[in-house]
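The first chain written gets the first letter, and so on, giving A, B, C, D and E; residue counts start at 1 in each chain.
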Amino acid sequence: MNKLPSDKPVAIDLVNASLAKRHTSEKLFQRIGLLSLLMGLTFLFIIFFSIISKGYTAFQQTFIQLEIDFTTQLLGTEATSDPEIRSSADYGGLVKKSMREMFPEADGRQEKRLLYELVSSGAAYQLRDMVMDDPALIGQTRQVWVPAGDDVDMFNKGHMKRELPEAQRRLRDMQITWLDRLQAEEKIALKFNTAFFTSGDSREPELAGIRGALMGSLLTLTVTLMLSFPVGVATAVYLEEFASKNRWTDFIEVNINNLAAVPSIVFGLLGLAVFINFMSVPRSAPLVGGLVLTLMTLPTIIIASRAALKSVPPSIREAALGVGASKMQTVLFHVLPLALPGMLTGTIIGMAQALGETAPLLMIGMVAFIVDVPSSVFDPATVLPVQIFLWADSPERAFVERTSAAIMVLLAVLIAMNTLAVMLRKKFERRW
Amino acid sequence: MSFVFDRQWGDHNERRKQERRNHTKKTVEPIAAAIVPREERKTVGVVFVDDPRIKCCGVNVYYDDKHAVKNVTLDIGRHEIVAMIGPSGCGKSSFLRCLNRMNDSIDNCRVTGQIVMDEQNINETSIDVVPLRARVGMVFQKPNPFPKSIYENIAFGPRIHGLAKDKTDLQEIVVSSLQKAGLWSEVRDRLDQPGTNLSGGQQQRLCIARAIAINPEVILMDEPCSALDPIATAVIENLMNELCADYSIVIVTHSMQQAARVSHRTAYFHLGDLIEVGKTEQLFTRPLHQLTEDYITGRFG
Amino acid sequence: MSFVFDRQWGDHNERRKQERRNHTKKTVEPIAAAIVPREERKTVGVVFVDDPRIKCCGVNVYYDDKHAVKNVTLDIGRHEIVAMIGPSGCGKSSFLRCLNRMNDSIDNCRVTGQIVMDEQNINETSIDVVPLRARVGMVFQKPNPFPKSIYENIAFGPRIHGLAKDKTDLQEIVVSSLQKAGLWSEVRDRLDQPGTNLSGGQQQRLCIARAIAINPEVILMDEPCSALDPIATAVIENLMNELCADYSIVIVTHSMQQAARVSHRTAYFHLGDLIEVGKTEQLFTRPLHQLTEDYITGRFG
Amino acid sequence: QTARDYISIVGSSTVYPFATVVAETYGKTTRFKTPKIESTGSGGGFKLFCDGIGVAHPDMTDSSRAIKKSEINRCKANGVTEIIEMKIGYDGIAIANVKKNAPLALSRKDLFLALAKNVPDPEGDQRLIPNPYRTWQEVNPDLPNVAIEVMGPPPTSGTRDAFVELAMEGGCQKIDWIAVMEKKDERQYRSICHTVREDGAYIEAGENDNLIVQKLEANDNALGIFGFSFLDQNSDKVQGSMIDGVAPTFEAIADGEYPISRSLFIYVKKAHIGMIPGITEFLHEFSSDKAWGDEGYLSDKGLIPMPSAERAYFAKNISQLRANIFVDND
Amino acid sequence: MEILTLVLMLAILTATGFYLGRRRALAVSAGDIRTLNSLPGYYGYYVALCCGIPAIFVFVFWQFFESTLITYIVVSSLPEPLASLPEQQLNLVLNEIRNLVNENITGGQSSPEMLAAADRYREVQKINNLAIFVMVMTLGIGGATYAWSTINAQQRARNKVELIILSFLFVCSTIAIFTTLGIVLSVVFEAMRFFQSVPITDFLFGLEWSPQTAIRSDQVGSSGAFGAVPLFAGTMLVSAIAMFVAVPVGLMTAIYLSEYASPRVRSLSKPMLEILAGVPTVVYGFFAALTIAPLIRGWGETLGLSVSSESALAAGVVMGIMIIPFVSSLSDDAINAVPQSLRDGAHALGAMQSETIKKVIIPAALPGIVGGVLLAASRAIGETMIVVMAAGLAANLTANPLESVTTVTAQIVTLLVGDQEFDSPKTLAAFALGLVLFTVTLTLNVIALYVVRKYREQYE
């Protein structure tokens, strides 16, 4: 009391004395925060930029227009009637014939080989599919756009420099002259690369597509999500809300934290031992992949969910318990909705991690060349990151842009997947 | 003698209380001749009643090793309003929370002793607390509305207990609870707004409405009117008087006027000890214990 | 006429209040001859004072489109305790929170009008709220101790403002604040325990101690004694009386006795409108507005 | 349990690009499904391959080296008794640097001296000292004066094995007193010739050859060790060093002039032939001239074809489905 | 699609069970559900669970044994030369039969015996399907009927249903234990074998890691040293660098987003940063090796430092970027969950926003933040690809971030997928490393648990 009057001017003066300094440090703090955010976003943009700038060209593909004479000479006379013969006919011959007719100057084995290299080996399959669909084509002549070979594609997109000495590029001078002629005749063009989205893997870059891996990823992640989210949330709820805090729950808690630090490949070993060898789930199947990734994602979801449950104020639990709700009702109706945003964060991050993971899949046979698009969780499949990993390791130059394009597809999947969760999270988010 | 008391005596609640008193038929122990000295910590006064609703026997509450409620023995009668008074921090809330096992949710809290209700010791771990809490409702000291709409705040209890046959029925319960708590006129056109957006006093009444919406047989109220203006307080006090026709009510309050106005019996706590219990009128006019007298005359502390 | 008043009149605070009144030298407007009818919503009474500490002019508070405080004009004098009373939900807290810009933190809240303090409109966004809040302290309606030790709860403010020269100095501030809030004896040997473990009333006193530890020049108290027993209340009221020798205090209270005991002027709010302001004695004995009279005589609602 | 109606192949990452081309062509031109080919590494492949017979186990494994005795025994223990070995061609290992600098002319001895952990004392004594060479010029005065920095596969890789055996050991043998050791103390000899230095001059850069190529671009003076097909595809960026006077060209490797090249294999379980659909047809596709011939599509992908006589031998073997790897009967 | 129909039927049955149970409860209550012990819905759930759970259990159980059973029946009816084939051969024959059954492409020419066997297989399969259908339906209906008939007003249906849910929760929480057990079991035997050839003390305390030992038995070893210390040191170094990047950036980002940024910025930036966690590690690997590493090397050289082209710093920094969202998102959630009243309390005392954050909010949000940081650290320890591509594989025992190091996980992966015999000490070393890493992180986690708990006690 007697101290107060003398203190009075002192107090606010003291406040004012340090105010400037505090404001500086406040500003600094905020700036650091902003800077951190910008840093994170910058990293993201750099990565996005480098991926997109490398990969956007892969969405186009060079095509060459050929005049194909579906002659019975080459296809065989019975081709019209017998599908067996029709399917095994020499379509490659048609392509070659057309090429020769276009460039009759190509002479000798070596030159002809160079000539044939201009179009993709997929051209023949394309013609076959056309004929199989419409046998009436046989005996007719058609203008057909067929994919160019990967080197031509690279050259056409400017990834292979004309100026280089002949020995340092994969296209010979002669081939380039031919291409120039095609260009002049407007028989070569860039078109949208549909095959990239509709076909499975291939060793020919111009035929390789992402569909198989995409389907594999979707199947695998569906399994992962359907298992890891409910199980993760259930575990967190049990540990946080129901289990009495004793050594046993400590043990479980430490275990879960520890599982988060287990290298992912070890989960692959586990999956191999348990799911494939013991439970005889087929190798390379999205089911196994999903199970392994579930085990890997669980700790993330559990830890995030527990943190979210912890942050729900006890007064809300008390309120519900106070009106006679059972613990289960309290959790289901009041705590879970409030903890859901945090749980979803865990799921978003965990699923993102699962979507990008390769190492554990190595052990369970999903790092593989699989052409057929999987249609169930038992079919052999790869996933997007594996496809990216395999393409990144392929010698063909044309795979570089396709690798980046595949990454773009993966990121698109990731963003699509997250959008839903993010919206849900936003809906449930509230401060109290 | 008491600086707050005599003026309120004989107010509009008096008639009701008289009726009630006749019908609860308590055996009143003979009043001790001399006042009990300050040092004495054994409970004096009318601890037991005939046919009690809840019988507490030797209840202790510990927080870690803090002994917050010390060996309290007290009956809560039927159709009775028991007020608990005492200086801040003396263990009123702690004791109150024992009666519907809310202390379970505090990690470091341990409750011993017997609390018998309907021939069951509700302080046993094996007891199913859900029906217990449905019968023993509670209004907490700090208003704690759910971060949901006002309607949902009230509807939650009836819904989980299946008290409403259908939607209209539920609506009716919600409306009547809000009306009883005197909140209806203020929130009638904003039932879908979050309960957390209400003012302090409104939140408190919301919590009261929420508690009575489930028709509990015993209602525990921890300072239910602390944030209420006199008029709202009167509404709640009236409500209590109505409810006690069928139910038992335990109320913690700091307002001795309020205790005097509404309660039939009053319990005075001091530093964890239950010092004195007695008919409200007697306790406020002729306390048996020196500490009680000190407190009600404002000499304490 | 008022059912709570006359008994308290002339209590131990009376002398002090007389002194204060002489020295605040307010110009009192002539009292209106007839009482203002219920429908009238313009403020009546002594809104302005000489040399005000804070001058509020046409303050409005909106929550989304809910108009919670309507065009309130009111001065807070120096060395004055202003009490705000009114039914629950009438906008007392909303108005109080304007005075140190605490409404900033509510997303859907918008405040308009002028609040001038030391020749600055503190309701401007450009104002630095930090020194403002250091000068205008606040005690909230719901006690909100930090989840830290009791000591840290109090030491927080002095520490960030650099009010303590050293450790012992800080210790002294902590102890004296706790003493002033009347909590010292209860927590002296558990200063390192979390403030959240205290009882409701203890938390409330902790928050008061926390607020006065930074020596604010204006103290806003939103029902500071709602969870306190009469003795603890008396301690706080004494404290307020001491503090107002140098500072201004605005207190929201539901207890008209309390308003009468401690305040110099009283403001009566009703549904967002400031209905009447006047010297406490006058307002409680000769209200100018019908609504005020209704409220203080308990006829309202 | 679902039935398997496709071929399952595991094994070497080096053979993977070649086996997959064949598989794809086979899948497109026959009525059978495209085989599934896992890239597990040769060792991992043998482990899976030798785990047993039946649908759960692969039908074939690719390998960048011949099967080892211990692996044969493992196979035997698990009932895989008849194995068909098919060599499919060669792979050259290039030691390359960026085009910006002149190509190096190295000898295997240079490589040994530059990369071995312990080298003979240059003073002339017949003793080993920890590799003292920091620059190529110190190794050989004809070489440029740049720091030795070679990026190559880690010791767990088959390519690294081949490099060590062919290049380092080849160079090691040029040093007489070590060469004679091969007979006397093989252990010692191998330890000298096969141990790569670990002081940072040799950088274990993982098994992604594209990454090594790109790292070379970022690091002018470094050399990189990788397979021929990557050299072939990146001829605009990097160039192979001449080894013992021979540049790593398609022809030189095919002729066997280029010293660092190795054979690639496929191993087939005979027991699966006829039971899993299409194995014979797949092997025929592989051993057809349009695949592994001089101008076959495999050579386009960088596989160096075998001489025609060798091809004929393995093709005949395949058409007879003759198990040519037997487990020892001891 | 038999399975699908069955599952569908069961679902319908369960739904019906719910409906009937609920109706019966309502009937029993005679219009006043207050006379019931639990809400009518709980009776419904009870019936539904009694209907579904046993049926599903039996169904799953049956799925496990069905193929064995069918196989057994088909095999026992195979003609002599086939029936007496060794088991592994038989497996192939059965595959052939199954291919015939599924009308897949088959391997050989289908002999009459095989065709007959395929027919038999189909038959048995049909019977089996019928049997399981009948069984599942019977169980479902039986369970439902039983539960339905026991419904009465006193029945504690809610308790029963909640008990079932609780059991489910409990079972879920044990999955972590089983996973741990599985991991330990799948590495411990191989690790033991490794310790037979390399003494455990050499492994744990050896300062040199150089697995250039014999890859194969005929390739007699050159040097071979299996001292794990450099690997653990490398792991610590790289993870420390990663955490050094991720924790400040992540935490400050979280603070900025939840306390300073506008809701719009926050709702956009947070998901965007979360993408960082999902970029495949190969991409990060390339980024680290081809962008960051040369950059660091260039800077280092201008400063006159010797920087190896593969450096712990490059890998660590990029790894740090990758784990930013672990810290930022989880911390943001935790901070956001701190009650507003605490912020108000601090602000009312005149605390700056930053002071409020540092002194009040962060301590209150600490458990969540620690969770995020621990997760990030875990992820950093477990990451491989970036290390392999950017930090190299050379095991240097160094604390210099400019040198190349390798980590435990990187070694595990290269050892496991590399080309070597599967029982060479080199491969086995991977298992030993896995086991030791597991033990080390376990110890660290136990310590973390106690430290966090001790610290937390102060704040709650």
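Here, contacts are C-beta pairs under 8 Å (C-beta built on N, C-alpha and C of every residue); 3 or more make two chains touch, one makes a residue touch a chain.
Worth saying up front: this structure is predicted, and the values here are computed from it rather than measured.
Colleague: Provide the labels of all chains in contact with chain A and in contact with chain B.
Modeller: C, E
Colleague: I need the chain pair with the most C-beta contacts, please.
Modeller: Among the chain pairs, A-E has the highest number of C-beta contacts.
Colleague: Report the chain ID whose CA centroid sits closest to the centroid of the full protein CA set.
Modeller: Checking distances from each chain centre to the full centroid gives E.
Colleague: Determine the centre-to-centre distance between chain A and chain D, using the mean Cα coordinates as centres, and give it in whole Å.
Modeller: 31
Colleague: Whole-Å distance, chain B centre to chain E centre, using C-alpha means?
Modeller: Distance between chain centres, rounded to whole Å: 50 Å.
Colleague: Provide the C-alpha centroid distance between chain C and chain E, rounded to the nearest whole angstrom.
Modeller: Their C-alpha centroids are separated by 56 Å.
Colleague: Roughly how far is chain B from chain D, centre to centre by C-alpha average, rounded to an integer in Å?
Modeller: That gives a centre separation of 85 Å.
Colleague: Do you know which chain C residues sit against two or more other chains?
Modeller: Each of 130-131, 134-135, 142, 160-161, 214 in chain C touches at least two other chains.
Colleague: List, in ascending order, every residue of chain A touching at least 2 other chains.
Modeller: 15, 22-23, 326, 362, 392, 432
Colleague: Which positions in chain D are in touch with at least two other chains?
Modeller: 1-2, 4, 33, 40, 56, 207-208, 211
Colleague: Using the contact rule from the top, write out all pairs of chains that touch.
Modeller: Once each pair is checked, the touching ones are A-B, A-C, A-D, A-E, B-C, B-E, C-E, D-E.
Colleague: Mind listing the chain E positions that touch chain A in their complex?
Modeller: Within the complex, chain E touches chain A at residues 158, 162, 165-166, 168-170, 172-177, 179-180, 182-183, 185-187, 248-253, 255-257, 259-261, 267, 269-283, 286-287, 291, 321, 324-326, 328-330, 332-334, 336-340, 350, 352-355, 357-358, 365, 367-368, 371-372, 374-375, 377-379, 381-382, 384-385, 408-409, 412-413, 416-417, 434, 437-438, 441-442, 445-446, 448-449.
Colleague: Can you tell me which positions in chain B touch chain E when the two form their complex?
Modeller: Touching chain E: residues 128, 130, 160-163, 165 of chain B.
Colleague: Name, in rising order, each residue of chain A that touches chain D in their complex.
Modeller: Residue list for chain A touching chain D: 88, 109, 113, 117, 121, 125, 160-161, 164, 167-170, 202-204, 276, 280, 282-284, 362, 365, 367-372, 378, 380, 390, 392-397, 400.
Colleague: Using the touch definition up top, name the residues of chain C that touch chain B in the complex.
Modeller: Spelled out, the residues of chain C in touch with chain B are 4, 7, 63, 66, 85-89, 93-94, 141-143, 182, 186, 197-202, 204-205, 222-223, 226-235, 254-256, 295, 298, 300-301.
Colleague: Which of the residues in chain B come into contact with chain A in the complex?
Modeller: It is residues 100, 102, 105, 107, 129-135, 137-140, 142, 144-147, 156-157, 160-161, 196, 207, 210-211, 213-214, 216 of chain B that touch chain A.
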